[in-house]
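Report on the structure given below.
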């Protein structure tokens, strides 16, 4: 279902954090981790009609509808990794207002603010590199 | 908030059915009709960062999250009117599976099927032209 | 928990249709019918701090949040029976817009419109009296 | 993930209607039909720890939480096919009251009532056999 | 849409914390802050049919339906600011039990408890004045 | 509605923590505490058709549908107290994937992981005994 020359969706979305995120899911339950990798990402996400940026903007808004669980931050980063501008992410979140009302959207912009704030801070010099908890 | 040379989102989404749809909303409540036109469409929808096709694909998936109310059909048509292919609409609906589960998505594909089936039938020759109930 | 001189909430909300509505619930399941009468109405609804009109306006908006199931029509009628004006019902439904978005509210105004339309029609002269299906 | 001597979950749940139901899903979208069969049923449903009756009672209550879409009827029938008694189905639906409130549960008992009523009627003598629309 | 002699809904609801709350929303996104102020409050909230106390009790219960996001505390305070008694707030939250079930309501009473507890403590004597995080 | 020789559902579910949990609910609101004890547990939960293990597995999945509020941990423990194995709890949570999607299920497995991790640690030797906050 996937063009062999294109990178996998999960490689772009998760970037360098993919091993850590996959390990965290596998630790919750190895089958759950496998279902997410094999079915959610390598089967559904890798369908060919939409480009990854659009998929990630859709993912962000679906996560807003679910009350902005920690996955929202992962997919905000995924949308930016896939080429979306900050303005595009903001307008995608804003489009949720007429469909879902303001409280869901305020919560989403809080997540966006935390993500942008964490990027502005200089990276810590400890060896392990940045680890943002709560991501998936 | 809008580029004056671009058509308004609601002109493209609703197409020739705009007067009928706006009238139906105004009949429910004139203020409700005005809020949808002035705030939802002419303020939020006309924000400039995303193109209308992406906005409409996002709208479709948000309506799947809400249980596929009648507005889903309007925005499936809106996505197609804005240049989305049928395959893009299908992949947007399918991307809801990992976030929302199957029942919401099955309901959405039922709406898509009804819409596609109504387009295949030859238009009735009565004077009033096609009117699809339940649209917004 | 109830002032003995005040009418029971369910007497006002259901009016002359109370026997029919209770019978319909008992037919679904006698225990379910009893829980709704004894717990929902005679315990929770009959709490003393709020007047019934306010309770029914709250009930209407909670039912909007649930996607306007058939109970919404019962409680729109209940709010009117408890002394709410049509304008108060409309403003209660409209207050859902900033919290829940437009699709839930459009569905609610459709229910209101059906209720108001059914009241405008002259009652049928058949013996059985008015029966509006789908009410609870 | 499945004991080879046990029947597949979908064989028991759908019974003689499996070809019709699978065809309906494939008609909506062939990939959607395949995901439901291969992932939802043959991967998740066929996990070994719980017996099928318990799985179907859980499925029923999850569908109540989603607002009782048409799939609820399929899984009420599935629970009965897997050996649940009518009293067990009723108590599973009733257990949703403290978690989800009454409107969701009333809607579910309406579905149960329709299912039970359709079984009491003598089968039509036309050749095609019984076909209950709206099932999945 | 507003009686010029009546105070604005947001002046009463937010009280002395209005500048802080508006600033927090504007920091998330200036357009989001403007939409909430101009559309949610100065257009929808200032509709004339219901008094502000009733609007705020409705707002509280809608926020219970959304899972008690931080805005619930703002509107519990808003209901009290608009003249609701603690008993009225408790009965409004309790009325959510038959519609939404217990878990949503337990979460709401936790928010109420936190709000009441914070009011009982003597104000700190530091210069900056009380700041309750998480409010909107 | 209850076999007098069987233990009450809430005795098994809450175990030794019942007094603490009931006190916490009563502190939120004495009527709320009474409704949960008398209606939710001693009326609905004590219905006779299903055994307690099945009821608790259903409760767990309904709480997943609600976004895994703190009650989920109580009922994971309740399911284990009622005789469910860890594998049965895992398969019940996993069955939510096709109905609710992955984010709700990931959140639920996080709760399970916290519960299992807290049991592995040796109990503190302070006098008061273990108190896990956020339980109900």
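Here are some notes:
Chains here go by letter, A, B, C, D, E and F, matching the order in which they are written, and residues are numbered from 1 within each.
Rule of thumb we're sticking to: contacts are C-beta pairs under 8 Å (C-beta built on N, C-alpha and C of every residue); 3 or more make two chains touch, one makes a residue touch a chain.
Predicted model, so just to flag it, every value in this text is computed and none were measured.
The pair with more inter-chain C-beta contacts, choosing from B-D and C-F, is B-D. With every chain reduced to the mean of its CA atoms, the largest distance from chain D is reached by E. Where chain E touches chain F, the two copies mostly use different residue numbers: shared numbers make up under half of all numbers in play. Set against the C-alpha centre of chain C, every other chain centre is closer than that of A.
If you average the CA atoms of chain B and of chain C, the two centres end up 31 Å from each other.
The distance from the centre of chain A to the centre of chain C, with each centre set as the mean of the Cα atoms, comes to 42 Å. The multi-chain contact residues of chain E, meaning those touching 2 or more other chains, are 31, 35-36, 39-40, 44, 47, 63, 66-67, 90, 94, 96-103. Judged by the touch criterion defined above, the protein chains are all mutually in contact, each touching every other.
Here chain A touches chain C in the complex through residues 96-103, going by the rule given at the top. Residue ranges of chain A in contact with chain B, taken from their complex: 36, 39-40, 44-45, 47-50, 54-55, 57-59, 61-63, 65-66, 85, 87-88, 90-92, 94-100.
Interface of chain F with chain C (complex): residues 31, 35, 39, 43-44, 47. Taken in their complex, chain B has these residues touching chain C: 25, 27-29, 31-32, 35-36, 40, 63, 66-67, 69, 71, 136.
Contacts from chain D toward chain C in the complex involve residues 67, 90, 94, 97, 101-107, 109-110, 112-113.
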